Amino acid sequence: MSPWLLGPVQAALALLLAPGLVGAIRWMKARLQNRSGAPPWQPYLELRKLFAKEVVVSNNASWLFRAAPFIVFGSTVAVTLLVPLLAVPLPFDGAGDLLVVVYLLLLGTFFLALAGLDPGSPFGGMGASREMTVAALAEPTMALAIFALAWSAGSTNLGHIAARVLATPTEALAPGHVLAFAAIFVVTLAETGRLPVDNPATHLELTMIHEAMVLEYSGRYLALIEWAAALKLLVFFTLLGNLFAPWGIAAALTPGALLWAVLTLVLKLLALGGVVALVETHIAKLRLFRVPELLSASFILALLAVTASFLLR
Amino acid sequence: MGLLSKILRTGIVTEPLGAGDSEVVHLVREVDAEARRLFGRALGIREVDSGSCNGCEIEITGLMSPVYDSERFGFHFVASPRHADLLLVTGPVTRNMEVPLRKTYEATPDPKLVVAVGDCARTCGVFAGSYAVAGSVDSVIPVDVFVDGCPPEPTHILRGILTALQSGRA
Amino acid sequence: MSPELVSQLSVGGSTLVLLAGLAMLWRRGVRAHIGAFTAQSVALAATTAMVGWFTGDWQLWAVAALLLLIKGVGIPILLERMARRFGTERELEPYVNTATSLLVGGLLVLLAYLVTAPLVSVSQLPTRTGMPLAMGLVFVSLFVIISRKKALTQVLGFLMLENAVALLAVLGTHGIPIIVEIGVFLDVALGFIVMQVFVYQIHETFESIDVEQLNRLRE
Amino acid sequence: MRALFLLLIAGYASGAAAALALGSGALSRWASALGAIVGASAGLALAAGVCIRGATFSLDAPGFFGPVGGMAFTLDSLGAVFLALTSLVAAPSALYGAGYARLWEGRPALRQVGFMLNVFLLTMSLVPLADGTLTFLLVWEGMSLSSYFLVMTESDQPEVVSAGQWYLAMTQIGLACLLGSFLLLQSGGPGGFSALRAAALTLPPGTRDAVFALALIGFGSKAGLIPLHVWLPRAHPAAPSHVSALMSGAMIKMGIYGLLRVSLDLLGGGPAWWGGLVLALGAVSALLGVLYALMEHDLKSLLAYHSVENIGLITMGVGAGLLFGSLQMPAAATLALVAALYHTVNHAVFKALLFLGAGAVLHATGMRDMNRLGGLIRGMPWTAALFLVGSAAISGLPPLNGFVSEWLLFQSLLPGIGAPSPLVAVLMVLSLGMLALTAGLCAACFVKAFGITFLAIPRSPEAAAAHEVSWSMRAGMVVLAVACLVLSIGAFEIVPRLSSFVAPLVGVAGPAPSFSVGLALQTPGGFARMSPALVAAGLALVVLTAWLAVKAFASRRPVRVGETWGCGRVVQTPRMEYTATAFAEPLRRIFAAVYRPSEDVSIDFHPDSRYFVQSISYHSAIVPWFERYLYAPVISRIRSWSERVLALQSGSAHAYLTYLVLALVLLLGWLVVTGQP
């Protein structure tokens, strides 16, 4: 396979897997609630239905409301071209590093928040305000965790970090590495709107963060946003899985290696999804003004990660 | 850890499709098949309480409980009518809820269905004639199916949703 | 064990010990605080045992066992008993709020890193890498003692301070002689008992273990 | 080159003359704008010539100001960057100003602004050209005074007068420090920069430190570093918008220029604490700047605080450069300075764009209070789209230019962890955390700035009746918006050039590191690679594909327009919307320890029962603590003291100006008497 083809293949694979990941987490949560639950492929059916439905747009909304879903979706898909999903010699590794990933995701958040403000609904404004607050407070943790990772790997480029851990497996258990993993895991919960920061299954507007911004969306626009949200979760899980424990990732672009890479990727996603489902079963949502406490705790983890890499240099 | 072991000890409590009351099983199978055909097995339900005594709400909550677990048919309750395919309306329509009910109906994108749950929704029940009541649900928005009962059981509500799906207005 | 692995493990172990200390700043419930202390003592015992294995010094093994026994099991049981007696009063309004406390904790760790840099640079031991974290825990425990209001939390802060000093000794000098260590343990036990009495007295007088109540004594 | 330089002067001079001669009509505003555009184009060409050919341009004019030793001009590549950014902002602002000035037709303000704007642009363009202390101080003071008069354009409003006083006071304190700094540096020798450069090597360390510290205060007050920034959030809202654009886009950058010129070029770098101090000041400015910006609901004050933030970011780059320079890490130092310079240029472009956009809003609605704006995207689609570009750029979002320089800044702090001193490493970690927090908060702030101002339902009749502004105002903004994209995509071409300009300053031996491979940027040792051009292309491609795919495969039902969903409430009014204050409320609570807001709730109960509330009034105010604890005591002290010297006080700001100018002339005269050329 040509290395340049790997980018589109990765994007397509991520698009394909993302709804399944969300469905699998929901299924596992249902099982933990002693329910039989919807099958893991339920989100695909929901997306199909939404794409076929009518779109109702607020009379107060402007063009930005209609453009935002495409920007949110597009920026997230663009990220999948950069993250090490399947193979380590990434074709677009030179195009962007971990910081680009963070900022591309911020681009999506930015436009989604604007779209939340656009129809003039109080819920949308509330969601936008909270989403940007959480995003801003998660930023330092992310930066320091990247710092800790990059320092031991000698690069901020994702392919390099993965390759470095592959080459020196003891690195994966180094304290800095483990702490950075924990920090990014907390950031993942915050950025993808999972418990304890945001409840993806809530119906109560006043407790919402992500949902409050998309209350106005319907039909294909909603489908794009939901898909992008699933994709964002997949991107974070891939970072957690393939930067910190890249085993299974293909070193050469042979069919066998790629197949194995897909398989291990799915397994890692399911394992992380299982952890998230367990966490969500165990803990309640935090009050909004206690979210900063959680994020400062994650910041401490990231800071200790950096300190640990200082100590061991 | 206590929680986990309790989860494991309890096991899945959802009523399986194969056992139990044969009528319910039949119904449930039918709902499954219809839901698959009409909404791609993904139905967003928006609950509207237009003035109910909350008896129907308790039964509707039962639908989401682990025992009935309507999620397994792809039904899920949504936070906004913009995300909904079906409105589940309860209670007589009070004067204060008349406009909101109509607005909810308008806010829901096509194709959409309306299921009115409970006796009050059809006849206004004991509230009929009250100065605070505007009328039955179908006097405000078009209704596809009425589910009778005070309150109706979750299986009846399921049947109502099924009938609405079969009515094929969608 | 290779020296590289030992230095990694000492950083890892001290990080766990330190994280348990920082958890005191994060959580509010008394049970969570006792849990954090227990976890910290276990991590400390494990780190001590690791250093004992590396140096082949049986005394360190003994210290590790004592730590596990007294601080990992004994004191937590006593603490639980105290918590049951006083009810689970939560640390609802510390002098410094939780998020700020955590940030201060982080800064104190960085400060400890700066302060111990000269020590670390002269030491040749592979375990020296964990010393800044142990010093960080010293600062963090002191901060717990001054920023929290409940007497029980302060007692825990004191116990953590003792853990921090023990960790510093283990990492910095590969352990002090067991006789001294046992003496220290006795001191701690004595101090603990004194504080227990103190806490009981506060509770008797004020029906609360909030040390802010002591201000009322001036009136 | 010489011709271009003369054209620059001639352009601005003719613009100024035209404004005076042609009265206060349409002809005057167009003629003065044309003069400014000619001058700016010449400036841009001159700077481009120096940048591309790499040769410096020099001109001695002993005839000008002969009594004080004449003037000398030299343009090297460092100066050329600043001349370029000034000209880049000047031309669109002048074009915009031609349309904006219609407001003042038939009033003396038109002539005053037309004249002063050209003088301001001329003196500001000459700052990076000045070669010698006298020339520098003369054009610097010219720039400060002309901008003071521009701020005072609407001097019939009391808040404008107060803003002007703050500005004047800060800028004169700055000038005093600069004078001190240059006097120490010169220490009786000749005042040409090349002479100073040689003399600086022989200065004792204590003197060098003093020179640096005074220069830092002097230039920091112009740049708006915290705590010397107090004039910025006052003067920017008071000035006409294209003047704010120029002040924020170009003039405050002269502070950065001066800092670079004195600390790196003239003094040739210094001990590590210089860099550490500058880095720490930058980090604090960046974070506090954005935090106070979040609390603003005056659109222009908000932008002014963002200038403080961005100056902070730039200063962080400068500080890291100085620090790495002193630690003998030339490649890292070069990268940090490139990041600082690049962000300087980028900030000039997007901040000018944002101020012009805010000016368009002010022009159309007469309001700056975001809590009364809203829904402008329908009446002013152009302004809205262009302001959105500026917002995305300043928030550091790809694929625009702010992102590229923030990426460079992040990458330039990363090598700091490898520095031998633990203190430096800790400083870098903290700066990095603050930088990231600043970037995140900045995005939140611009969601607020754009979302509340332009989206949703108008919150006042004026906002509902807003109309699009004239073509010249839009054209000015379009130029800057395009520059935002070009500066991002062209990074692979620009960065190596900037690197070659700054590398000699930090002692890079041999050719400067290029930081660029093909279309991508690459940091030293291949630590990180990133290509803005590819990111932009990829993003465009993916969004386009998604759009086409949805068009082709999704439902073709027409979009139905309905009411905004609000749980079925009967009417939606603007009072239900989130306001700017509401949007920032969570952050205000989270950072309450920094803001220390004063809150005052008073509830009026019904006389018969406390269960019935008649009215609730809530008042909250945030007074920045450095103003409360640093400036308020000083001001009250000065006030009581000045009552004793009432004799000199005539109540007119111009009289005070006269005193200041007199003082300057006396000082310069003293220089002549003590015998310098």
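As written, the chains take the letters A, B, C and D, and residue 1 is the first residue of each chain.
Keep this in mind: a contact is a pair of C-beta atoms (placed from the backbone, for glycine too) under 8 Å apart; a residue touches a chain by one contact, two chains touch by 3 or more.
Worth saying up front: this structure is predicted, and the values here are computed from it rather than measured.
If you tally contacting C-beta pairs for each pair of chains, A-D comes out on top.
Of all chains shown, the one whose average CA position lies nearest the global CA mean is A. The centroid of the Cα atoms in chain C and the matching centroid in chain D are 49 Å apart.
Inter-chain spacing, taken between the CA centroids of chain B and chain D, is 58 Å. Centroids of chain A and chain D (each the mean of its C-alpha atoms) stand 35 Å apart. Computed centre separation for the pair chain A/chain B is 33 angstrom, with centres defined by C-alpha atoms.
The set of chain B residues touching two or more other chains comprises 80, 82, 107, 109-110. Among all residues of chain C, those that touch two or more other chains are 99, 110, 113.
Residue numbers of chain D whose C-beta contacts span two or more other chains: 422, 429, 557, 560, 562-563, 565, 567, 590.
Counting only pairs that meet the touch rule, the chains in contact are A-B, A-C, A-D, B-D, C-D.
Across the interface of their complex, chain D is touched by residues 97, 99-100, 110, 113-114, 117 of chain C.
Residues of chain C that touch chain A in their complex: 5, 7-8, 11-12, 15, 18-19, 22, 26, 98-99, 102-103, 105-106, 109-110, 113, 120, 129-130, 132-133.
On chain A, the positions that touch chain B within their shared complex are 30-39, 42, 45-46, 48-49, 52-56, 202-205, 208, 211, 215-219, 222, 278, 281-282.
Considering their complex, residues 11, 51-64, 70-71, 73-75, 77-78, 81, 92-97, 99-100, 103-104, 106-107, 109-110, 113-114, 117-126, 128-130, 132-133, 135-140, 142-144, 147, 150-151, 154-157, 205, 215-216, 219-220, 223-224, 288-289, 292, 299, 303, 306, 309-310, 313 of chain A touch chain D.
Those residues of chain D that touch chain C in the complex are listed here as 422-423, 426, 429-430, 590, 593.
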